[in-house]
Every structure is written in C-alpha cells, then in structure tokens.
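Which chain is which? They are A, B, C, D, E and F, in the order written, and residues in each are numbered from 1.
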C-alpha cells in the first residue's frame, strides 16, 4: 500500500519535475535566442552551416565524394602542424619544413653575408 | 567410464531452461541480422546469452570474460555513461535550439515512464522493480540500463532486451496511435518555418547550462545529463575533433560490444525464464504506447490553447527514440498532405525527448533517494 | 609414472576427441551444404561474393582504388542516417534534411493553402 | 658518498642475468624489425623484456605499468580472448565451408600438441608444464597463451616467445618435411575444383553452430571457440560493421600492444634463464615438425583410402599458422608442376587447422579438469 | 514539505566555493574553446571540474565515473605513461640525431625545475610540494602529472592546470626574455647547415640506447623514458604501423579524454581554493621564465666558448614545449634577419628538451628515493 | 632547514645529473654518427626520407592528395595478405585468390593432363 502511494507520488512529482525542469531550460534557451537575435540585427553573426551545404545537392554524389576526399587530404596537410591536434600529419609537415629549410639554408650558406654587404 | 562422464559433463548438465535460453539468444541474433533491429546491441546481447547459457561455461562468474566485462563496466555504470558521451557527440541540438518550446513536448513524451511504473506496481512488482520497468518508457537504451541497474539489477537483462528490441518497433507501434488520436484535419496542419539562426555561442553554452541547471536541481541526474552534454560540448566546441572522434567511434563501438555481451550474460535461465519477464515484455509495449499517446495529447492540448499552427503529430516525436520517431511523424503527416514538411519541427521535439528522457531518469533516481 | 600414464591418456583421448568433434562439425556443415544446394537448384540463391569480384582484376589497380574510395563515400552519404549505424555521417545527412526542408517549407509558406484551394 | 651509492643503485644491481635478458630483448626486437618475424608481437615482447630487466625498474610489480597490464588482461585471460574476437572477424571460412572434409586434416595437424606433450613428460617436465609446452603445437599464439597461462603460468614467457617467433619459421620448417614424406608423384597430383556456392545463411549459421556444438561437448573450449566465432558471426552478419571494425582494429591493436608488453615483462632473468627455456626452444621446433608430419601422413592416408585426387601436400596446411602454411603448400606444389593450383584447398585446411587448434586447446583443458 | 527539501538538496548544499569552482571550470572551457589553449586537455579538465563541483554529484567518490577513471589511470600513473607512448610515436628525433650537441641545450632548459623548487621551498611549501611545483618547469604535461602525482598528489589539480594552460603561453612568455638577454647582433647570427644523413639503424637504435643508458643510471626514470622511447622505437621500426596508429590515435585520444576528466575532478573547492593554488599560478610563470633564461644564457655561454656560429636564441627551444618553442625561436630570429633559418636547429634543441624534461623528472624522483 | 639543504642539494645534483646524462647520450649518438658516416662513405646508405619528399612541394596539393589516396589503396591491396599486418584488406585479397584460382583451376580441369601428355 505504501508502495502504491509512493508510486502515485512518483508519478505526480516525477512528471511535475520533468515539466518544470524542461520549462526552465526553455526559458534559458529563450534568453539566449533573444541575445542572439539582438546581436544578429546589430552585426552579421555566423549562420548555420546547413545553409552553406544546401547547394551541395546539385553536384553528383560520386564527384562530391572524390572532391571531399581530396579536400580533406589537402586540409590535413596544410594545417595541423601543432602536436596534439592532428598527430598523423605531424611528421610529413616536419619533413617539409626540413626540406624547405635545407634548400634555403644551403643556398644562403654560399653567400652567408649577402644581406649585410 | 568415469573420465567420459566428467568429460561430457557439459551435455549432461544441459537443462531445458538453458536450451530455451540458447534459442532465445538465437532469436535475438535473428532479430539483429535478419530484421536489423538495433543490431549493434541485439547481436552482442544474443551472443552473450548463448555464451552464458552453454552449460558450465567458463565465461560466466567472477573470473570469466563476461563476468569481468560486467564488473568492469555494467556494475559500476561506466559503460552506459561512456555511451552517452558518444551520443552527445553525435547529436545536433540545432533544431531544438531554434524552437525551444519543443522541450515541453519532450516532457510530455515521458509520461509512459510513470504510467507504466504505476501499472507495474498494480501488477505486483515491488517499487524498485516497477520503476525499473517504467524507465523502459524513457525509450533510451543507456538510460534504461543506467537506472534499472541502480534500482533493480536482477531485471537488467529483460529490461535491456525490451528497451533495445522495441526501439526498432517504433515505426510499427506509433502510426496506429497517431491516426487514432489525431484527426485528419489536425494531421494536415502545416507548420510555418521561420529561420532562427543559432549562434555558435549558444550552441556551446547550451550543453554547459543544461548540465548546470539540471545538475543543480537533480543531482542524481548529473551522470546521465553530464556525460550527454560533455559529448555535445566537445562536438560544438569544434576544437577537440580528436576527442569527439574517440568518443563517438572508438569508445562507443568498443563499449557497445562489451555492454551487449555483458548484458546478454545476465540472461541466465533461472533469472530470465520467469513470468516477470513476460510481464516486462507486455509492459514495455504499454510504455511505448503510453509515451506516444501522452505526447500526442499534450501536443493537441497545446494546439488547442495556442490556436497556433502546431501539428499535434509532432507530439509523437517527444518520446525520444531518435531519429526514428521524427521520421515516423513526417511519414504519417505526408500520408495526408504530401507537401507537408514537419521533419525539422519533429527533430526538435525528438532531441527534446532525448534530454527529457535523461532528466526523467534522474528524477526517478532522485525521488528514490529522497524517499 | 602416473603423470606418464595420464600423458598417454591425454594423447589418445585428446587426439580422439579432436577428431570426433571436427568430424561432427563436418557432418553439420555437410547437412547445410545439402540444404544450400537443394535451395539453389530450386531458386537462385545469393552466390559467393568472390564471383562478383573476379573481373575486377582487369581494371587497373589505381583506377580501382579511386573508384572504391568514391563509391565508399557515396554509399556512406546515401545510406546510414540512423543513429548508431554510421555515426560520422549523421550530421551532414541531417544538415541536408534541414536544407531541403527549409527550402521547401519557405516556398510552401508563401502559398500555404495552395493544395487546398 | 652515500647519496651517490643510492643514486647509482641501478648500475650496482645490474646482474649478468639481467644483462643477458636485455640482450635477449634486443634480439627479439632485431627479429621483429630486421627479420620481420611477427613484429606486432615480438617487438612489444622484446621491449617489455628490456623494460622489465633494467635493474630496479619501477614498471614491474603490482604497481608498475607492466604489472598492471599483466593483471588487467593476462592473468584473467582477457587479452588473448579479445584477440580471438578480432581473428574471428578477419577469418573467411568460405573455403572450408565449400570443402568441409578438410576439417579432418585440421584435426591431424594437431598431433604435435600431444606428441610434444608426451616428449616433454619424458624429459622431466611435470604434466602441467608438459601440456603447456605441447600447446605450442597448436601453432596459434593466443591459444598457446590462453592454455599455458591456465596450466603453467610460470612458463608463459618462453612459451609465448617460442609460439610467436617460430610462427615465422613455418616457410623454413615445413618444405623439407614435405619433400621427405610426400613422393614427387604425389606432389604432382592436381585437385579438381568444383564450385560449391555457400549461402549467406550457412555462413552466418556456421559460427553459431560451431560454438554450440563444441561448447556442449567441451565446455572448457567455450571461451576460445566462442570468442573466435563471435568475431566471425559479426563479420558474416554484415550488419555490425562498427563492431567488426572495433574488434579487428581498435581492440586488436591495443590489446596486442598491451599483451606483448605484459608477456615481455614475464621474461625476468631468474624465471627465464633456466635450462627449461632451452628445452622449450627445442621442443617448440619439434612440435611444429610433428604437426606438419602428422598432417602430411594423414593426408597421404586419406589419399590412399579414397584413391581420389587428394594431394597429400595440403595436409601440411592443417597445422593452422594461417595463412603461411597454405602458401607454403602452394609453393611446394608449384615446384613440381607450375600449373598446379592447390591454394584454395590448402586455405580450407588452414582455417580447419585454426578451428582444430582452438578445439584441441579446449580438449586439453577439459581433460585436465576431468582428471 | 520534507520530500521537497531532500529533493532540492542539490541547490541547498551549493557553497560559494563550489560556485567559484563552477566558474573556474567554465573559465578553463573558455580558454580551451575561445583561446584554443591546449583544448584537448583543458576542455576535459574544465568539464571535469564542473561535473565534480556540482553539489552532491554522484560522479565523484570511489563509485562515481570520475573516481573510477581516477583510480583506473591517474592514481596508478597508467594514463600519463600511455600518453608518453603516443608522444614518442609522433616525435621525430631526426633533427636532434643530426646535431646531438643540442642535448646540452635541452639540459640547460630544465633549470627552471630546480630554481622554482628552491623558491617554492623558501615560500614555505614542504619539500615534496616544492618538487612537484618545480616540475612544472619540465614544461611537459605528462611528466608534471607523473611526478606530482607521486610526490604530492593533493596538488595534482592546480599543477596540471598550470602545466597545460601555460604551455599555450610560450609564444607570449618567451619573446621578451629572448630580446632582453640576447643582443641584436647575436640574434642575427646565422647557423650553417650541413647535412648529416641519419641512417635507419641509428634511428632505430637511438630509442633503445636512450632507454638502456638512462634506465641504468636513473631507474626512477624508466617508466617515463621507457614509454616515450617505446613509442619512438615502434615508429622508427616501420614494421608495426598498426601499433603506432593505436598508440598515437586510439590510446592517446581515449586516455587524454579520461585523464582530463579525472584531473578536473581533483579540483574540488576545498582542495583547490587555497592560497597555495595562487602561489602555484605565480611559480608556474616563474618556472617557464627561468627555463627560458637558463637555456638562453647557456647557449650564449656556448657561443662564447666555442666562438662558433651558434645563435644563442636556440637556447630558448631547450625548454621542450614542442614544437611551440622552436617556432618562437624562428620567429624572433626572423624579426632581425628575415632570411635567417634556425628552425631545424631549434627543432633539435626542442626534442632534446623533451628528452631532458623526462630525464629531469626521473632525476628528481631518484633523488627523493635516495634521500 | 633540512628541507632547504636538501633542496639545494636537489638543485646541484639534479642539474648536474641531467647534464651528465644528456652529455653521455650525446657521446653515444656521436659514436653512431661516426659509424654512419664511415659506412656512408664506403657505400650508399639509405638517406633521410625528407630528401625524397622535397620535390613534392611542386605538385598541387589537391592532385597530390588524390594521388596519395589512390596509391595508398593500391598499396594496401597489393601487399598485406598476411594476417595481422593489415587486417582490413585480408578478405578482398583472399577473394582475388579465390577468383584467380578458380578461373585457373576450372580451365585446367578440362584438360587435366595437358602437361604430362
């Protein structure tokens, strides 16, 4: 019997609490929304990425796939030399530094005081 | 010969119960592979059930692999919480942030939890068992596992099986209820679509604030909501792609496999083959239906008081079961009006249901702790 | 001595059991094979994937690689919107829904009762 | 000065044994890197041996990293079993399902286990040690580790090292035995190739049935065969690619690294530098040879009784050591007849050997349990 | 009503301390996301701090997720050591192997450890605390965590936070010191670049030899240097790509997430909100500055005695903080002479600093053990 | 006071030890360098990979990316049939063996004694 009463209480308080908490979250988000809109009307805020992706649908999917792979590779190679961000690409990037640096240094060694002369 | 007797001890100790459990394990694997019902969980659960019910299996018990997995991640709630990090890292709360009033529909979609709880009490389950069965109505696997493991660990097996296998039945359970409760005219309501761009700031602050607000009000919900929102924070931050990847891939996959096996191993004949399991199977359907009905009726009520363009069908998406429920809404709406596009609204209600499920799980635990 | 006798027994029983068990498995598979063949002769069953892949050898490997990558991407994008199957692709798919849905909705909002009129 | 003495306690406590073990660790790394002998295991084993034999290493013992890894996954058998899931997820039993009679060749290829066991007994090892050494004849790393860890954990180090380093010697050990036992004429036998399409149903049911049949007969084999077949079931089901990927990549790689380190750490000077280790090195070669010879002679016997087109060479593939043994068969056959294509038959025998190795491991454990 | 009081126990037990800690957690997340200060660690640390400081959080304590993670990998030093394997697997010691004399600059760059230690002693910290604070001067996260967890675990939270958040300040802290201590003329020195091809043999033997040499001399350094060099050995071996991938991706990512959360959870109000934390914040800056100054002055000294073309700026790269410090050197050098290319030399000093940091950590532990 | 003295000792011994150990490592590497150079002057040793990668910079990064992907795929398919090295590619390779082997065997079965005749 006590179980049943507790069950009823669980039902009432439970649903009540769930509603209260979610209503509260609604309020919090609503405040943020208002701030967002105010800031948006003042200046241009970063829009949803979805808008950018929309025209994608017109490109054939296979071509899209190939482009995506290529771009991803490119992005990975160009960015990411900081250790801990994209570890896989650390080495090749370093190797490129080595290469560039060496070519440069070797040349500048031949005429080491070029600039100061 | 004595050696042979000992040797074939396995065959000798095969019971009818174990045989039935082997069949049930096979049945779950059938559902997973042929029907594709949540295969990533039902296949390991089925396999775990078979491996645990083979007579004299060294895999069960404290020192067996399945026992080790159980203690490593189920008994201490580690696995469901880690899965939540992955879910958070995969969920886009954008549609909800654009229409935050959808949160109320998410709340309504949890009524099945409490209704089923009460019904289970009436059917003779004790209060802890009843609450664990009710939590099937969260329609969210990890929440069901988390809560039932804390309140009634002996029912974990059937509850998890029901939670995951019924999840795939959402497209079968919901439409009749939707057609019964919502009139044709209401189903044709179109919802205007106004863009509410959501700033990155809001997207990043949202998981933090939800954690703090919910955490302050319902400390028992901190693990569930905190892990879900941790994953989402990492995703929206955009600066820790490595961790997002690890959470939603490596951790999620490995943990899912281990969790499934460990849960399957709890399905041992003497614990599983009882009339309680049968009742849970029935109460599970009831929970799903009650959730849907409550969501629909509450949406209908909102439509009535606001007199606004709110199609009550989207109430059905408040149950969580992301993203199946949202698609069911879109499908049923299109039956009446092919050009009616409710999906984005339904997605908002759907992610609201996800949050509400977790909050409800925490609320149930909190009420038990406060008892 | 007892060890040696147990060792001998291990050898005899061990090899015996291994043979018995594997012979049993042979029997089980043989039954399946028979069922398979019967069903195959009745209707067309799904053949081994190897047969499909055989002509692959004629395509240059590099081209094959590129096609594979593209197809994989395509497959990933088209299928897999259900959470928990291929999580990585969930978001872009959603974004596409958003985009399509919005374009559609915005248009249908201008003439909201077009159909009923 | 006292501080300096304590400071250089490391150098002071360097023994000849530890120095030799450092060299042996270096040798394993040499085999791994230069000879490419199973590098994924021999490199971590060698590194583990070096890290554990540096004097006063804080990595060993209950609180050291290597001790923690040992307790987390070797002592409780977790790691070899998880590796089995990955192996199962990578193995294609198609060639075996097309020619199931190959299973008998797999059985014959396990004779080295029992022959070596008996020889080890004669050489003075006790029965548990003898069985652990014999299991090297399974020619399957995880099986050797699983069984020897249960029967004679103090021999785990040398047995694992022998099991993995000899695996790479298969192409060196087998051909002379093949040429000695099989006549030139027999080696030229071509085997007709008839297609037996295997349905997806059979492929999916196979792992389940193997688990149930073997599990009922030999409960002690459930962990080994169950995990192997779980991996294969996931692979063949085609619906849980995420879990297959996790098993064969993330889990397999991480566990392999940890397993190797933990095994290397068991190779401490006083445990490893004994004449037993030397005997194990010799008995290991013997086990490989005996397996091959038994497989070949049994295939010869089958050829003789069936009078059918069965090239006895494929008996050598029954030892497991997948897929090296199958390739050795093809290579030796081509020496005599360049157009003889035995590979598919050999692959069948090879995967049969994999199953038979696991079954034999379970049978040995079962016979010990029944003693 | 009594139930409500118990229900809102969370809100009731919110203290000012906890509120401040929630703000600090938010601040760390801000640094991680907006300032991009080592986000992969600061974001989880901030999240852990929030989750642990929410009143009555079930995540803390022995049975809470964060407590479980702490015991699983921080208390036993597992996580920092596993991260070292990943760091080793990502580090290219080539530039150092071409110019091994850079090792001396790495040694000089550790002076901040000992100077800060002494200063902390003067400020009233006890010797264990002082050494833990000093080790911030290793400017290497895992080393700081490893050492401070052994010597003064109660300071782990602030030390880890300082170690990781200051790491990102290297480009702000170093340039003024460099301009102050090194004259314009010295900064213009160009360093000739002669190629010293490094054979694969050397690259593979290097990690083994470093482990053995350092391990024999300083056994307490074996875990740190051994794991770092294990990762590098696997990388340079070129035969275990699977293990290298697992170490530098799966393991590193998962462990980083768990380590961050567990460290964040140590930041509980009563342990963190003390004047010691403030002092550590100040001493941390001091350690970074002292390291840089010592490196620069030692390089200047080397330039003076060798009279060779050694630009003293590269001394600043000896502090470790790889690869930020090396880039700062290049940037400051280019301010004076745009065509001056010091990066490769600085990279050598930078990886030398990495090794020296680990050695210094081991030396500190060894001196404590020898006390 | 004892703490301060120990702190001073830590400072002196600590810095001293760090310098000694790193100097020792310098010595070890220097020996290796000498061996390397001697061997290099005798025969051609394998140079640093960086030198090979240097000209890479001239190829547009996108093209490079596509080539890399294709080559990687190709390499994976061609090598790696040994279990445990590159597990993902095991099956396709086997399937190719199956295909090649079958095509071959079926043909050779028609004229099974061609060679001996």
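Basically, a contact is a pair of C-beta atoms (placed from the backbone, for glycine too) under 8 Å apart; a residue touches a chain by one contact, two chains touch by 3 or more.
Just so it is clear, the structure is predicted and the values come from calculations on it, not from any experiment.
> When chain D touches chain E, do the two copies use mostly the same residue numbers, with over half shared, or different ones?
Mostly different residues form this interface, as fewer than half of the numbers used are common to both chains.
> Average the CA atoms of each chain to get its centre, and name the chain whose centre is farthest from that of chain F.
B
> Taking mean CA positions as centres, which chain lies farthest from chain C?
The most distant chain relative to chain C turns out to be E.
> Using mean CA coordinates as chain centres, what's the gap between chain A and chain D in Å?
Here chain A and chain D have centroids separated by 45 Å.
> If you average the Cα atoms of chain B and of chain D to get two centres, how far apart are those centres in Å?
Once rounded, the distance between the two centres reads 41 Å.
> For chain E and chain F, what's the span in angstrom between their mean Cα positions?
28
> Check each residue of chain D and list the ones that touch at least two other chains.
Each of 3, 7, 40, 94, 217-218, 242, 249-250, 252, 366-367 in chain D touches at least two other chains.
> Considering chain C alone, which of its residues make contact with at least two other chains?
9, 13, 17, 48, 50, 66, 69, 85, 87, 98, 102
> Under the touch definition given earlier, write down the residues of chain B that touch chain A in their complex.
Residues 94, 96-97, 100-101, 103-104, 106-108, 110-111, 113-115, 117-118, 121-122, 126-127, 130-131, 196-202, 205-206, 209-210, 213-214, 217-218, 241-242, 352, 355-356, 359-360, 363-364, 366-367, 371.
> Along chain E, where are the residues that touch chain B in the complex?
3, 6-11, 14, 22, 26, 29, 32-33, 36, 39-40, 43-44, 47, 50-51, 54-59, 63-65, 68, 249-250, 252-254, 256-257, 261
> Hey, which residues of chain D end up touching chain B in the complex?
76-78, 81, 204, 208, 211-212, 215-220, 222-223, 226-227, 230, 233-234, 237-240, 242-243, 245-247, 250-251, 366-367, 369-370
> Per the contact definition, I'd like the list of chain A residues that touch chain B in the complex.
3-4, 6-11, 13-15, 17-19, 21-26, 28-30, 32-33, 35-37, 39-40, 45-48, 50, 85-87
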